[in-house]
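Dropping the structures in below, format is structure tokens.
Across the two complexes that follow, chain A remains constant while its partner is chain B and subsequently chain C.
What follows is the complex of A and B.
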């Protein structure tokens, strides 16, 4: 095996590969990246942690066929620091890789490519082209409320539903939920939602960087994403997402519209005075919203904001972190908060055409 | 001066009530006696209905042999029994009962209706007894077998009624009693309903382990490791749970001797010994141990409720149990993981607390127990010298009386199960360096409320006098004390300090509660289900909203804020266990401690954190302010003390 490749081209493939390669795995092979020539002018670069797999088809000039795996991080760092504009890589005896760039010669240890796990092949699926910025926005707006507790794996990802023209993403950690809907023409036509794990979504975001369009496909048990020469296959979480529609309040009795920036600022001030276990109290009375919190170790804070509220007085406690994170994903100037009773979920929406809701369960304080 | 004759023979109904005082302590004991009768009558299916925790109604329906009208009437008079003919029969008795006391005793303190029919009889006999007076005898239609209804228990004994606890607690005792009977008799179908809700349904099971699965729920039963050992005629069958399931109370250890659930400190200790260091001090393993001894080697006629037995060779039985448990533990699949956690084998004085004095606790009747020194291998509190049973009973009475008078005092009283712990004497100890002072380990501190406890006497600044030498393995602070080497677990120490701070801070506040979008369901045991239903308000005060979810599942709808996702389930299980054991308010207090301790555990230095000298010294100073009676329920020791003399001995000087 021997090939020549432009440095910039090689780096583009290796950068993502080394972030996916799993250094901590008990399988040493997973820390490696697979390099395999394809025909005369293509190089396949692949990395996987068995859940997220990257394959890149890079342009190269191949002089001898074959494959090899080497440590992904080492190869990436080495290529980045190489002096020349092009590199040549040659497999020698005992799976050593000999790399030349300019006047520099490297020899690094490798492992045979036949031991590399089989990665899902993007050539076997049918892609649809979607707007990359919409996809990225939908991920941002739901990723923050994914549950990080690994024992509840059905909540460790974002639910993705897609009809081919519209798409929906939902995430929840059991305390709060966020749901976003967008038109997504070209998206897959799914009969049921799929759960994309958090790590996979982070990698999808990386692949989407700088792209205007991307190709998307779902073929269980994977979701595939392709941006030019990079293809990502993310293993879906095989579990039942909770019935989220049931917990989104249908017809809350009370509703108030608040200036988003003002509320976020106020909540941040209140957060300074609340310990990690204590919430912030939002009290609504005619014309005002009072935000208050206290911490026996520190002191207390109270702030009043004008509001359009006209209903009967009610006070409800929230974890300020949940509200701030949610409001941070909204873009409208005004947001609405709809409430049932003081122990019922709070429904937050941006004012305007943005099809986005957040549900936050209250705290009893 | 003339002296009149004053001594009289007591009338029968008084005699019965006195007997009832011994046999019938609470609804659960009524259930136990009645179900045992049913078993003795050859029943295959026994259905128990309980309403109002047993205070309103207990109904036990069996499909046993039934009684003839003559026997039915006779059964209600004292010392009438079909099970015993001569004193010699007492040894090697095959039936559960034999004294002929249960029915008349129960009848003397409640309204009892007995309906019974034998297979030969055309009609059933029904007898109603009220307050010990046998009323009308009628003929009614009924299936073969016996039905006994006990209504308005203790209605005519207000003193006894007063000592009953809440319905939820009594109901859980009933569930416990039935569950134990079911464990001892796997071939019988037992069904228990609390107010119509099935609390326990145990169809005939082919083996003890199968029965345990039915009773304990899949979570626990899945981790039981069975072992059977027979030695010298003593047969021990033990179902052992993994050490990490250890509990803070001995409730998880179920002992059976010849198909009777018994309490036996010696056997309990033997079980704990069998687990060795795998279960930390102050905690008890979860295990079911069934012991069979040859006929004649055990006397069951010792305790009015037959809760205790006497072995002709108690030591041999204890040894057999210890060996069986040890062998089971050694062969269990979970040993490999846990073995690495076993403590270092150094004999040293290890205690939860620094040498210090305690002020008097206003607990009546606690006998002075001499301070005892405990080696690192004293596994469980059971190892401490146990006061005699009489003294214990005496203390219990005093404690109950104290509780009845003032709830505040009750809240401070150490819990009964802590009875065998070395109780620190109320008088100041002259020599503060006497390393023998063992603070309340295990559960002693759980019941004491911080707001209620009297201010402790000024403490000698033990920790501040230590000279900090350095850190070992980034985990232990190595200090020089007065003539000793002191090792302090930095994580445990900081956790204690932080816990105390959180606790003081939260004393005046309610627990913040985070409600959940999607209820989480967890598996609990049958007894806990009844508590979940009946003690919802107590649980709510503790920050949990919980509802029965069918079978042995419960749904958690709100949790104390600040706990991570996986923790609420563990904390809730602990709380349910404590609720079954003690009154609501005390369990909540203990629970709050647990929640706070868990939160404290998040925010403190861990093993593996490097501490510099100043930090270490600040931690030592803070330790002096910690009230060690209020230690966190995690209950690991904070310090290990190696006297110089011990070092000298090891160096052969």
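What follows is the complex of A and C.
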């Protein structure tokens, strides 16, 4: 096996490969990246942690066929620091790789490519072309509220529902829920939602970087994403997502519209004075919203914001981090908060046509 | 400043007294409360059993040799905990400073209470009467200016004792006692003192402290000299809220199959849930404790997403932890003891983040509250999980 490849092209594939390759796995092979020539002018680069798999078809000039695996991180760092614009890589005896770039010669130890796990083949699925920025935005708006507790694996990802024209993403960590809906023509036609794990979504975001369109497909048990020569296959979480509609309040009794930037600023100030277990208190009375927090070890803060509120007075506690993170994903100038009682979930929406809601359970204070 | 007044209150033969109270047919018989006959130790012996030389903490096998006719009763911690809670509640009516030493024993600082409630003897008498009336149990009380003397005084006229040592009586009382009565003096120190010719606390008091320090070291020498002078620096420390609630069990025969531990852990989790609810607490961390046949102890811990007092939630966490523990028939993998401990306790009404499935969560705890009520009324065995029915002999 021997090929020549432009450094920039190689780095593009290896950058993602080394982020996916699993250095901590008990299977040493998973820390490696697979390099395999395809015909005369293509190099297959693949990496997997068995849940997220990357395959990249890079342009190369192949002079001898074959394959090899080497440590992904080491190869990436080495290629990035190589002096020349092109590199040649040659497999030698005992699966060593010899790399030449400019006047530098490297030899790094490798493993045979036949031991590399089989990765899902993107050529076997039918893709639809979607707007990459919409997909990215939907991920951003749900990723932050994914549950990180591994014992609740059904919540360790984002629920993705897609009709072929519209798509929906929902995530929840048990304390809050985010739901976004967007037109997504070209998206897969799914009869039921699928759960895409958090790590996979992070890699999908990486692949989407700089793209205007991307190809998307769901073929159980994977979701596939393709951006030019990079293909990602993410293993779906095989579980039932909870019936999320049930926790979205249907017709809360009280509602108030607030300036989003003002509220975020105020919450950040209150957060400085709040203790982790107590949160901040939002008190609504006719015409005003008071944001207050106190910390027995520190002190207290109170701030009044004008509001259009006309209902009866209510005070409710929230974890400021949850509200700030949610409002940070909204873009409208104004947001609405709808409330039932002080122990009922708060429903946050951007004012306008943006089809996005956040549900946050209050803190009992 | 007036001398402090400290009471030491101790329930007589607590576990066996509870058993005799609950089952009058046991009264007057040599009753021994303990776990397993093979492996257990005596948790409590009635006075009728003590006549035969049976003592607490004695291996059960030895006790059975000394007193073969003893009636062995398995311990029922729930009943004792219940009686103990009633006991401590009575004590707290007489002083805010109650330091529980165990289920059946506590120090009270009566220094401030005397002005309101009468002198030490009056309070001690009142406590004894209420314990009889409300709990049908018998307490012995010692009252003294220091903890050391109060504890000795409660013991000296047991059972049903009441001894008051006034500040003037303190030194004569202490000095007549053997050195073994000094706090911290075991057989080894006792022998050392005996070689110096010191047999009573009075002997120690008359011995120069410097010489005592030279013989026993600075810490011990000073400690004993101080106690012998009637100075006990220990104050009554009211217990803080508990830092953990747990339950564990040593098995008669080692367990070699993890599945066999499941119903046991479930039962332990249920009991922990009940205790948390009784104390109006929730736990945020669950720790699984496994001790192997070679006495190696392993613990695994997990933080719950949301604190709970629901036994089912605690059990689920413990069973999940159990999956990471190697259990088998080979030596070193056989389980001798398993248990659960819960920590990161917080008050049930503490501020907390509510969850989207709050209704579901609240249901588990409410069910627990209802079961607690039924068990409180009809006994611990009134309601059981189906998996535990097979344990019943009835």
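The rule we apply is simple: the second predicted complex is superposed on the first by the 365 of 365 C-alpha atoms of A that agree within 3 Å, B and C clash if a C-alpha of one lies under 4 Å from a C-alpha of the other, contacts with A are read in each partner's own complex, and residues count from 1 in each chain.
Following the convention adopted for this analysis, a residue touches a chain if its C-beta (ideal position, glycine included) is under 8 Å from a C-beta of that chain, and two chains touch if they have at least 3 such contacts.
Computed from a predicted structure; not experimentally measured.
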Original post:
After lining up the shared chain so the two structures overlap, which partner does A:359 touch, if you call chain B first and chain C second: first, second, both or neither?
Top reply: both
**OP:** For A:251, select first, second, both or neither according to whether it touches chain B, chain C, the two together, or no partner.
**Re:** neither
**OP:** Using the superposition on chain A described above, determine whether A:93 touches chain B (first), chain C (second), both, or neither.
**Re:** neither
Original post:
Where does A:124 make contact in the superposed view: on chain B (first), on chain C (second), on both, or on neither?
Top reply: neither
**OP:** Determine where on chain A the residues touched by chain B overlap those touched by chain C, and list them.
**Re:** 147, 149, 151-152, 172, 174-177, 242, 247, 277-279, 317, 319, 343, 345, 359, 361-365
**OP:** Provide the residue numbers of chain B that touch chain A in the complex, in ascending order.
**Re:** 505-506, 508-510, 512-518, 520, 558, 560-562, 564-566, 599, 603
**OP:** Show which residues of chain A lie in contact with chain B when the two form their complex.
**Re:** 147, 149, 151-152, 172-177, 242, 247, 276-279, 296-297, 317, 319, 343, 345, 359, 361-365
Original post:
Which part of chain A faces chain C closely enough to touch in the complex?
Top reply: 147, 149, 151-152, 172, 174-177, 242, 247, 277-279, 317, 319, 343, 345, 359, 361-365
Original post:
Quick one: in the complex, what on chain C touches chain A?
Top reply: 302, 305-306, 317, 320, 346, 350-358
